[in-house]
Amino acid sequence: MIELQDLTRMFDGQPVVRDVSLTVEAGEIVTLVGTSGSGKTTLIRMINRLVEPSSGRVLIEGLDAASLPVHQLRRRIGYAIQGIGLFPHRSVAQNIATVPRLLGWPRARIEDRTDELLELFQLDPARFRDRMPHQLSGGQAQRVGTARALAARPDLLLLDEPFGALDPIIRAQAQTDLRAVQRRLGTTMILVTHDIDEAVLLGDRIAVMDAGRIVQYDRVARILAHPETDFVRAMTGGPEGVFRLLSLVAAAEIAEPGEAPGPPVDAATNLREVLSLCLSSGREALPLRSGGRVTLAAIRALAGRGGQ
Amino acid sequence: MMLRPATVFAILVGLGLWLPLVQFKPNRIAAGEGIRLDQALAGGPVIALAVLGLLVLSCIWRMPDRMRIVLALAGMAGSLVVLGHAARSLSVEAGNLARLAPASGFWLMLLGFSLMLADGVARLGPSLPARWLILGLVLVAGFGILASGMLDQISVMREYATRRAAFLHEAKRHLQLAFGSLGLALLVGLPLGTGIYMMRRLRGPVLAALNILQTIPSLALFGIMLPLLAWLAATLPAAGRWGVSGIGAFPALIALFLYALLPVVSNTLSGLETVPRATREAAVGLGMTRWQVLGQVLIPLALPSLIAALRIVLVQNIGLAVIAGLIGGGGFGTFVFQGLNQMAMDLVLLGTLPTIALALLAGIVLDLLIEHVARGRP
Amino acid sequence: MRAGRFLPGLAALFLLVFLLTPDSFAFLFRPLTRNNAPAIYHQTALLRLTVSHLSIVAIAVIASGLVGIVLGILVTRPRGREFLPLARSVTAIGQTFPPVAVLALAVPVMGFGTAPTLVALFLYGLLPVFENTLAGLTDQPAEILEAARGMGLTPLQRLWHVELPLALPLIISGIRLTAVISLGTATIGSTVAAPTLGEVIIAGLLSSNTAYVAQGGLVVSILAVLIHHGLSAAETNAARAAGRVG
């Protein structure tokens, strides 16, 4: 569990982050979303003390982050950034091994861990181990960067706009992969993004930041359904708002008995995709592979109730 | 018809064959007389014709670059051999007092063939090992020809023979000056460059001071060092015990060191600045200490720039160390300025030729090293 | 910023007054003399030496500038492309030749005096101008040249209206390098009897008179700073004219 207590950071007399308190449950992904300049990057940089808080404290599993020597603290916290920042003079394996080497792991254990991570991120160890960073594509480099951040099994992984440099198609894949990796490892993650769709897709909870404060922190569905301020409403709503809501609900949840024409879909397919398929194929309902169907009418009714 | 490099080389070497190969003086004071290859050697005309034939061929037929490199190497060695033979056979006729110096024809031939070599190497773009091999070949051949005694009748070599001990002493001194000042500059410049990288505010003042240092003409900087260091040694006895002195090689060493500081500091800075922000951030964020970031990330990434500084400084200091000869600091400059004073050009050559050879060698070796380091990087 | 604008003017003014009435500055150099040696060099007027120093440098720089630029243009034209690899390696190798050695080697051919100094400065000065002209003319954005070709400019028009203006900042910076190097190297010309400010320094070295060494060095340094400053300003102007923020 990660607890941020009353964190404030001043720059030149101006508060950039004010009085932020936040608790992140172990094994969850919290996405910090806000406009640029909202203080979200400063906030996560206070967790690994790349920025020292002006006041307030950070507790990691009950331990005050300020009580550890700063480099030891950082070795326990994974950190992945937009620029990725792979070391250009070191091979992929050496990059991933950075923190284990700093921690003095035995060589065999480092090698095993490196290969394990490469496989986890779907990079064939035999092919990628000895490549240099400039021989990687953008998506591959991003995966290596995240693997490097996870190498020493950190309690917490901080991600600052990790997919910012990727093009849309690769980005979507990278998001899905990160989600899968997190489900397997159960690592606690805090991810900073300015993209509400990314926040919705990846987060268990979303913290919306504006002008240095957290204006709302809640489960994704609740944030979408009950925005507490105009700012959050503007951020989550708009013409796309209803689709975001639908994307959180699986088809099975509003399935009803009955038949429908055409090819069936998985029960786990989200309603946004179901809606899209209905419209593009001109059908009023889609059959589920597991039996039953989802109707346009049911989707419309759900959207009208605000996703509840 | 389009002018091609091969034609230029052919014209240069052809002119060289036509101009005097050696300058012959019956003794050290007498006026000189130029002697052409065909006059100097019994087989001279034949050799000259053969070389001319090859050159004409190289103009008409586009030779493979590999072959051109071999031809150029053979030409360079051949020019030296022919020069030596000519000098030897002429000295037999003229006796021991006679002076034989390489003349314009020889220099033009050497120039033509070395340009041909440079062109061939640049065009072929041989692999790094191949370039090391060519360099090694040139060195071995050069030393072989010198050691064989083939050139012993050439006046520079005769100057060398009479001053062997002094030459070796000055050569050692020259190297000490060039490498010693480089070492000092690294010792001071690397921390200084790293320091101003971290403390941005100091950049302006430090670089401005070093730039001003660079505008002081070398002659004046060397000259100022004499009284300055003498004064320092006199006022601070401890400094004197550490070797600070206003006479001998020390002032020259300090002057060279000061000239070397700017390239070392500015290249350290620019090398460190090429490290991407994200890379530095990542290193810190992963939990490296300040020294680990410096040692494991920043310095390895700045290495090409640091070696480039090494090249600039070494080449510059090998050349500037000649000035030390003017203030009694030793080195090859001693021969150069002695020679200029006595109008003894053989002595001037004894100082300049090894200086040029050293500077060239340092430049080429470090260029190759830079390529080694730059390999495998984006 | 403000001091930066005034300083060159002040330096130039100081230099002018010093050269016109060197004796009024004798008090500055007196502490550097010993045994009542003269504080100011009088064998030849400092002003005259400065003028001849500058003339030698100017002639050499103008000559190497012209030749360097023309050579640079020639090897980047289609007809001269054959010479490009050679030109590149010759400049790289040539710059390792020590200036003093070039000077000393010019003596046997030209004798003592101004001539070997001029030749050495000319040869040595060729390299930076040539190298920068080459860099300026070869590193141009391909799309600009394509556009110029597409608009129907002849090769000569392209060179004059597009390539040279774009390369001008780099060419000027090459001339600046050449000028500053030549200014320093010309002092060494005095060792082969060229009438330059090096004469003052060498006189100081021979008579152990630090005042001479200092005033010779000072004049050359100020000249170098002024020339560096002036040509840097020209470079910035050219860069602005070429649409690059300099």
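Here the chain labels run A, B and C in written order, and each chain numbers its own residues starting at 1.
Going forward, contacts are C-beta pairs under 8 Å (C-beta built on N, C-alpha and C of every residue); 3 or more make two chains touch, one makes a residue touch a chain.
The structure presented is a predicted model; accordingly, all values stated were derived computationally and were not measured.
In this assembly, A is the chain whose CA centroid lies farthest from the centroid of subunit C. The count of contacting C-beta pairs peaks for the chain pair B-C. Subunit B and subunit C have Cα centroids separated by 22 Å. Subunit B has its Cα centroid 59 Å from the Cα centroid of subunit A. Residue positions of subunit C with contacts to 2 or more other chains are absent. Here subunit C touches subunit B in the complex through residues 32, 79, 82-83, 85-86, 88-90, 92-93, 95-101, 104-105, 107-109, 180, 183-184, 187-188, 190-192, 197-198, 201-202, 204-205, 208, 210, 213-214, 216-218, 220-221, 224-225, 228, going by the rule given at the top. Per the touch definition, subunit B reaches subunit C in the complex via residues 2-5, 8, 104, 115, 118-119, 121-123, 212, 215-221, 223-224, 226-227, 315, 318-320, 322-323, 326-327, 333, 336-337, 339-340, 345, 348-349, 351-352, 355-356, 359-360, 362-363, 367. Only residues 276-289, 292, 297, 300-301, 376-378 of subunit B touch subunit A when the two sit together in their complex. Subunit A meets subunit B in the complex at residues 48, 50, 71-77, 79, 81-89, 98-99, 102, 132-134, 145, 148-149.
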